[in-house]
């Protein structure tokens, strides 16, 4: 509830999420989120900080994630690696530490190529991508940085590279989603879990 | 389904949404969306083009809207007009025609002040806003244009203007959401319904 | 006359022009300006705030307006609506509230199309303009934002769209003029008269 | 008169003004402009190319110059050199070759300091200006590059540096005028007369 | 030697440096460079591609490296890790893949902290740096992106954080050097050796 | 040696170099630098301030200059004037007062054309350059301002204009070098010697 005496932000020393907002105890969260956290611990070994930070507003987290997860369902010409690639290119254009580290790890994993994944996170233009991937990256970067200038011809370039209409839409929607997610990460000061930095490095994939 | 022969975009002459993607007939949509469209027609007299265009991917529309609608629930220090104001300021920074027209109309309506609403859509800085609203606009614009530079002090400025922690979070999440929505509108070439331009003009509110 | 004790700006509460400079009483103005004001009241029903604010320097206002008014004389391929369109596109690129509202109203009126006029004020690229108007808008925006990069080919594009040499010159000179006018409006904090917001809306033209 | 067969631009080889538009013979010009040209030849030894190029539209040149000349009338705290300084700072921000060369010469002359004048044309920040001149340059540059962000405090900074209200207005109006003039020079491809480069160099003033 | 028939760039398939220029065989290089390469192989296990690519101009490589190496000599308040940090911050601001990967590895090594090193390469602002390091990063980024605006106060901020005059100079000279080096890497299309990606990762330092 | 009590910058009133760092007496410098200074005095009549300022770190000056001087060795298709042209175009893009004045003088001298040299320093695009020089300037400016976007095609454009592979490399390396040099000049606040402003003006070359 709002108050005329300004509230102070928590001092941030309690936990390692980096969040400028209070981070609830997992035990206080609704069932669906505790289930989500449990699944994450099972699959990854830890709860991603984006979940812990976003759980300050539990209904919001549930709604956001229900949308978000749909965008990472692989299709024939736009696989899991491609979808992480879009996440990373948008996060690089916006300079989002959390997403570059967390989705950088996922990209290395999905590509099965730690070196290519790292290169894309720094500069997709010099990562020697094939024409389909280069077209996808160019589109995602333009929609992020100069959305007003995106044209029908930009969209056609995705179809020309072999994507279906649905997949071209997905490129746009994933890019749009990470423009939301990056900003939530930066507005809350979300820091990536330390585990990400070790995932899918050379010698492991 | 993906195809190696590039698909052509529809020619766009079939309807008035502007969309570069096919726009499904309402009759083909799932029940929940037909319900959504019916409610919109009842409340507004028409179906907003964002619904019609986004229904090319019905599950996505349902998921996006379930998140989106939560963000427009008014609270004590962040009312319906304030939430539309954030939508309009972000859309102005991104230059999104659809959202400026559609949420510009909503802002005029919620403010009960057609002139102030129009002014905010062009330049919130010269719209003579009170300190709380000016702080909200400044934050939303910065998170849109320079998210990497957003600091804890920027967040504190929202609390100092009288917002609760939850409301400060909402400013960030609404701004983040319109960074998604603006990009979907520009990526699909969504055009605003003609009705918006007439709503809540001088003499009516 | 200059003074070593810094002068204070007027407190701005006296009138509704928004001006940070003193606004003279109409009665103190030279004959030519009182005539100009009278004509404006007759034609529009009010004196545009640009006249009231600029009359702090009466000779300047006379000189500026003598130049300005020549640029709105319609020609065969560059009509009154086209000239207002250039004003609005430049003002949008510069983000000038006064000119967007005042010339936005004039654009709606001259086009006889309130919706198209509103759309151009937010994003000419998605306003479905014909090639001649799109070429004019592209030129005016480039001369505003990246004047150093304007080339002979940009100029030729205006001739190719059907303009005469004189009309191509006019596109440049109108765009240049609003780069002056926008800056005077923003330097003085000119606010648009409230009447503009009601002019030429849907149902009226 | 407009024509549907695109007009070609003149080939530009006829004269040394650089103009992409036809340059009329002086003999064909109205009396007032021939008088202006004669006076320029008497004072400078040549007709500035801005006059020759702009005379493609004689009435426009007369109107523009009637306004322009008022802005270079010196006052106590804003002398002739200060007014040329504003011209040069705006032209540097816009990158206008014609105005940098022509007003750079005038600035060297009016300052009686060829070195300081040259330095200001490249970077006023490192030209070791006194606080009054630094405040004027900062204001003129901001109004040129970020007009939307100009505030009442920016204006007050001019008064604090010792300018009168009228002189503060002049800083704004001169800066605004060169935003027009620079764009006319670049839109027409005006090149500076060769004589300017030799004026007011070391050893002469 | 120059030729009027345009030379073609090599097709780039011969080696893995990525260079758009011919890459000489090591055997053809002058003694000093063969010594440099041998030392690199001994210390790192491979010859960094910057050496192989730059050896197209052997004298230039010797001269550049003689300057470059001086800048990485550690001092009391500006250690080896700090110097790599400047390299990485400048390379991030310029978006240089080669230097981000190669000096990113060196930074992880010198810090003895693979996670902190990775974070700095994506966003030093959110890497939780102490005031001395934050001041150094802020200065290096500003000198890279807005050199014209660097002031005496920016320099003083380095001294205030505990650096000596010589070390403050070094911050500037290292940042300036990487503005050269980044551009050589991008102009030649230098790609980082694959070995860098594995160096100094979690579990190793 | 570093100290925890912040060091103060020298007050800058001792000499005319502008430097924010101490400027050593020439007598205290190592032999090689005293030789360099002597040669400069013989050739130019004065010691360029870049030498005096940079001599705060004598070994660095020697190393930098050993590299720098190689880049100004003329070749068949990339003469002394062309190399100064690159210096000036990069310095203009970065806005470096010192280099614009000092290398502007050298450019006027090497071109044997004071007017062309001055024009290039303000806007190479309107300086009526031949295709080879225009290609060189376009490349140098892009490598300065948007290095990440430099492509193989940009490099090929240099070969197409008649440069050899070595000369194309030189364009890149000179541009890269002035990105270092400009930043050292701006970080130290180097001011150009007064003599430069008088060199190679009209009537002298």
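As written, the chains take the letters A, B, C, D, E and F, and residue 1 is the first residue of each chain.
The criterion applied here is as follows: a residue touches a chain if its C-beta (ideal position, glycine included) is under 8 Å from a C-beta of that chain, and two chains touch if they have at least 3 such contacts.
The model shown is predicted, which means the values in this text are computed figures rather than measured ones.
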{"item": "Maximum centroid distance from chain C, chain identifier (CA atoms)", "value": "E"}
{"item": "Rotation, 0 to 180 degrees and nearest 5, that superposes chain B on copy chain E via CA atoms", "value": "120"}
{"item": "Chain centre separation in whole Å, for chain F relative to chain D (CA means)", "value": "29"}
{"item": "Length of the line joining the C-alpha centres of chain B and chain F, rounded to whole Å", "value": "51"}
{"item": "Between chain D and chain E, centroid-to-centroid distance (C-alpha), Å", "value": "44"}
{"item": "For chain F, residues that touch 2 or more chains besides their own", "value": "95-96, 123, 148, 186, 189"}
{"item": "Footprint of chain C on chain D - complex, ascending", "value": "1-4, 6-9, 20-22, 56-57, 59-60, 63-64, 66-67, 70, 75-78, 94-96, 143-144, 147-148, 150, 152, 155-156, 159-160, 162-167, 169, 172-173, 175-177, 179-184, 186-189"}
{"item": "For the chain D and chain E complex, residues of the former touching the latter", "value": "123, 125"}
{"item": "Chain E - residues contacting chain A, complex", "value": "18, 95-97, 100-101, 114-115, 118-119, 121-123, 126-128, 186, 189, 191-192, 194, 197-198, 201-203"}
{"item": "Residues of chain F defined as touching chain A within the complex", "value": "148-149"}
